[in-house]
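In what comes next, subunit A is part of two complexes: it sits with subunit B in the first one and with subunit C in the second one.
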Partner chain A sequence: MIRKLRRVTPFQVVLVTAFTALAAFMSIPIIFILNHAFKPQSELFLFPPRIFVQDPSFRNFEILLLHASNAAVPFTRYLFNSIVVVGLTLVGVIVVSTMAAYVIAKYRFHFKGLIMGMITLSLMFAPETVSIPRYLIISGLHINDTYFGHILPALASPVAVFMLIGFISQIPNELLEAAKIDGASQLGIFTKMVLPLSIPAIATISILTFQGAWGDVEPSTLFMQSETMRTLAFYVNSLISGLQNSVAGQNMAAAAGLLMFIPNLIIFLLFQKRVMETMVHSGIK
Partner chain B sequence: MKPSNEISRQRRLFHSKRYGIGLLFMLPWLIGFCVFVAVPIGWSIFMSLHKVSVVPGGFKYERFGLKNFKDAFVVDNVFPIELITYFQQMLLMVPIIVIFALLISLMLNQRFPGRFIFRAIFFLPVIFATGQVLSELFAQGAGEIPFLEQYNLQPMVEKYVGLQFATTVMDVLGRVVLILWYSGVQILIFIAGFQTISPSVYEAVRIDGASPWDSFWKITLPASVPFISLNVLYTIIDLFTFPLNPVLQHIRANMFKIDTGYGYASALAWIYFGFVFALIAVVLWLFGRSMKSRGKRS
Partner chain C sequence: MGSIKFNHVYKNYRGESRPAVNDFHLTIEEGEFLVLVGPSGCGKSTTLRMLAGLEEISSGELYIDDKFVNYVSPKDRDIAMVFQNYALYPNLSVYENIALGLKLRKTAKFDIELRVNRVAKVLEISHLLDRKPSQLSGGQKQRVALGRAIAREPQVFLMDEPLSNLDAKLRAQTRAELIKLQADLKRTTVYVTHDQVEAMTMGTRIVVMKDGVIQQVAAPRELYDKPANLFVAGFIGSPQMNFIEGVVTLEEGRYYFTNKRLKLLLPREYDVQFERLTRSVRNVIMGVRPEHVLLKPGEADGEEYVAGVVQMTEVTGADSYVYAAIGDYKVIARTEPEISYRKDDVPAIGFNKGKLHFFDVTTGESLAAGGTEA
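Showing the complex of A and B:
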């Protein structure tokens, strides 16, 4: 019986072929970025642009490193800032949002309707439009030039809560009630039941939050006056925009683009495995 | 036996304790939200009613009333047109993205060799959803597909959908690649959603003699209605806050113009936001109704 199920059917052959074609089509940009970083000067300006590199070289990275070592603030400082900010933001967003989403999905309390409404409302607001009021608040709290200035504005993420509510409300109430009857505390229910059961959703928001925090230049540009508190994304961005018109800048931009892209890829590959893991296998049947 | 007022007192205590715990869990998020989201948004309402100019040492607010909002439609000759064209495109793109994501995730949920690799590849575009990578690619024209011009599809599209919608349809066709890239998160949500449907249900209907076609319409689709609604909302929000969209670019451009300034930009943002909000309210209402009627039947 099992052998029969495992057999490859014509349907599966069609499916795999269709997917291969689509996948090839979709991975073009990734291949483009990878190749672009290794293109020598002569190939960067070809028109129409080619996807594949003919004569790969590490020259672009050398130029980037040379430029970075001449800067006032060492490259590693930007990297360190980025790692600290992204790490703390990720942990903070996960803890704060799951807590909020859990009670919104499973509890009744005052102003719940109002809070839900505010979440949906704020989802639609593009962050650029509130940047000046945000700056005034940050400077009012005197957290310019600290890591708090990077992390705190990102913590209350409406997107994360919005996505988690959908998943947590799918956890059966019976399961939580059973835990309560067995004597679990509120915190116990949250850490031992809700957190593990919503791991697929947490993995999804981790990917989103990581990308957001890693590529975000807004706090560095607006809230940080001291160069030593700015992140790698800001450095790369200023590099690209400052040297956009020069010929040498294109080399660095290509290499820096790849460097910014790789952590995203790693985090993505790390978390997407978790996303696949089923929610069902953890005791709900 | 306890007197009845004692019981009601205890019940009240129990409820207030539950309320308290709920609020306690909410608290960290709520504080952050109020300080960094709600207050700035409120502030921007205030600004939209004023002319904001930067003076040494702070901002100067000059009372304007609703003039900013009126100017957006009467004086500004770019904003209303951009708003309408963008909405037309979005109304077409959102269903396409969600249906495409649903189909892909359904297929990815099947059992076939190499499924894991394909899943990874389809999620990869999620990485492009933000950042300079996407804008750079678009600047170089990598987002367009060449066959549109090669085969001269424009007259054909005009013939079938009518002249007034032809440009919209062509624009959407030109963004097929964008649609593919934009469905990463949606596919992710759908696949995670499918895992909440217990396999034993499928087994039961198979034993009862249902075809895979039936089981899709009777089980998979109804069970994934919450996820479809989640995805529709996510897609709308994602597209409307996309940094490269022409309306937001217009708003940002106005932000630093001397004669219009931050107040006018805030007013534009609120108009834009009002339209998006209306759209989302309609979507929520439709899905809420379909979920309620389903709940009644079962």
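Showing the complex of A and C:
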């Protein structure tokens, strides 16, 4: 029996080879960023360019931090802003989206179709098209130059709501009814049943939201006037764009690129594991 | 403690002309094991869900313990429900599953522990308390679901086809345990099923429903022996009752059931049923259960016994069933397994005349129930 299972068909060989090749290809940018950040100035401009670093050094990071410490606003302030904004955005998006999705997935009410339609429709807009309306709302609410200005535009996340609706509607109604009969309140059903059961989906939207919020420069560029309210993404972005044609700053750009990338990687690995775990152990079919 | 009263309860779904539950009027006594049975879509589950408070009542009143509960939320009705797919909380352990209802009702911690352990012992799931529902087999899940209901010690148990996800052997076993459990707990239980065997074996009273309407409410034996109409007669019993169309005629003061093939002299005990029929042509459907169809090898006499052709036989072990045709009329007969009939045998077929049922052709009502024709 076991021997039978282990028998490898030619199709499987092709499949595994193809996917391995694809995975290797997809990991090139990651490998490149990792190596690039540690390349000394001389290696950065080698021709033909090399992917792997020959003589790794932390020199790039030193230069970056040195540069940052000379700036009007300290590097740590940007970092702090980013952590606050990303943290609050993550919490906010999870709270708003799960609640919205739960209600849409499990309740009947007036204009539900219309609301669903609007959420679907808003999926189609490119972020650039809503920049101006967003600006008008932010300035109308007088929350520019505050953390709310960063967070509010990100709270309405149609992708997250959409994914969660799909996920939550798969939770059997009987489960929620059983909880209702057992004496759980509406909030109790939501926090004790719906939230724990949606963890795989919440992990997924957390990855997406984190990546979006961490790399987003729009609020910093458009809604923030004072430099102290801007985020790390903005700092790195302006640094890199300022260095576009200069040879001197490329090492800083390489180091900054890695710094921006690492949190993404960590979050992804962290939540990815959780996604897998919950998928395996949840017992929901 | 635990009596239930439905007072002309209706359930209308928007966009549907026919009510899902139509004039459900019934009183359930305290401690009764009431079974709602019927084909799918007959409104039995909707009735149960209205009783649970999961479904709004369109019109009519519902009382539990003489308390008007139409607008009382499920958690305040003092009921517990067991669902078909068990609805165990997958994120909680078995212990927590059973304890949740108690915890939400602010029961003291030591009391919760006591009750959960006691229930687990009764249901023999003590060794499973630390597991997650996904690690349990179907039968174990079913016990946990039951345990969750019992631990709360509610006035009324509601069960929505709790056994239909189990395999045949386990189902029979759990069925017996449920009967015993209910007898021990003496709590009012309302049980929904589409399986007439379950209904017959479990219920102290059975409600047969069809298209949202109650067809008959009776104890199992009565339901089997005195079905109120064609639907109940056909639904209860397996294989189902044989139905033969014919006409009742009166000759020299005696009633006969006749059709193209049959002319049966009917015992006097049926006279009262036919005297109520005032129409000149007395079209009826005769119902006779397979065990009351008599087969004997040999020649038919044309009166008590008629010739039939065997089309198929079915051996279940204890019994065998012979599917025969008397002309265009098909009958199923239960026979001793020792006497084997083969296809195209031509035995003589008769009927146990004390056990016949007669139904009105147009209304389907049993003539024995009386009052079908004014």
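Note that the second predicted complex is superposed on the first by the 252 of 285 C-alpha atoms of A that agree within 3 Å, B and C clash if a C-alpha of one lies under 4 Å from a C-alpha of the other, contacts with A are read in each partner's own complex, and residues count from 1 in each chain.
Quick note on the criterion: a residue touches a chain if its C-beta (ideal position, glycine included) is under 8 Å from a C-beta of that chain, and two chains touch if they have at least 3 such contacts.
Quick caveat, the model's predicted, so the values are computed rather than measured.
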Specify the outcome, clash or fit, for subunit B and subunit C once both structures are aligned onto subunit A.
fit
So in the superposed three-chain picture, is A:L15 touching just subunit B, just subunit C, both, or none of them (first/second/both/neither)?
first
Between subunit B and subunit C, whom does A:I202 touch in the aligned arrangement: first, second, both, or neither?
neither
Contacts of A:E174 with subunit B and subunit C, given as first, second, both or neither:
second
Comparing subunit C with subunit B, which touches more residues belonging to subunit A?
B
So, does A:D182 touch the first partner subunit B, the second partner subunit C, both, or neither?
second
Just checking: does A:M193 make contact with subunit B only, subunit C only, both, or neither of them? Give me first, second, both or neither.
second
Can you report the least C-alpha distance between subunit B and subunit C in the superposed arrangement, rounded to whole Å?
5
Subunit C-contacting residues of subunit A that also contact subunit B:
none
So in the complex, which bits of subunit A are touching subunit B?
5, 8, 12, 15-16, 18-19, 22-23, 25-30, 32-33, 49, 95-97, 99-100, 102-104, 107-110, 112, 115, 118, 120-130, 132-134, 136-137, 141, 152-153, 155-156, 158-159, 161-163, 166-167, 170, 186, 190, 200-201, 204, 207-208, 211-212, 215, 237, 240, 257, 260-261, 264-265, 268-269, 272, 275-276, 278-280, 285
Going by the contact rule set out above, which residues of subunit A touch subunit C in the complex?
172, 174-175, 177-184, 188, 192-193, 196-197, 281-284
The answer for subunit C against subunit A in the complex is residues 52-54, 73-75, 79-81, 83-85, 87, 89-91, 100-101, 104-105, 132-135, 148, 152
In the complex with subunit A, residue positions of subunit B that touch it
18-19, 21-23, 25-26, 28-33, 35-41, 43-44, 47, 104, 107, 110-114, 116, 118-133, 136-137, 140, 142, 177, 180-181, 185, 188-189, 191-192, 195-196, 198-200, 226-227, 230, 233-234, 237, 240-241, 243, 248, 251-252, 255, 262, 265-266, 269, 273, 276-277, 280, 284
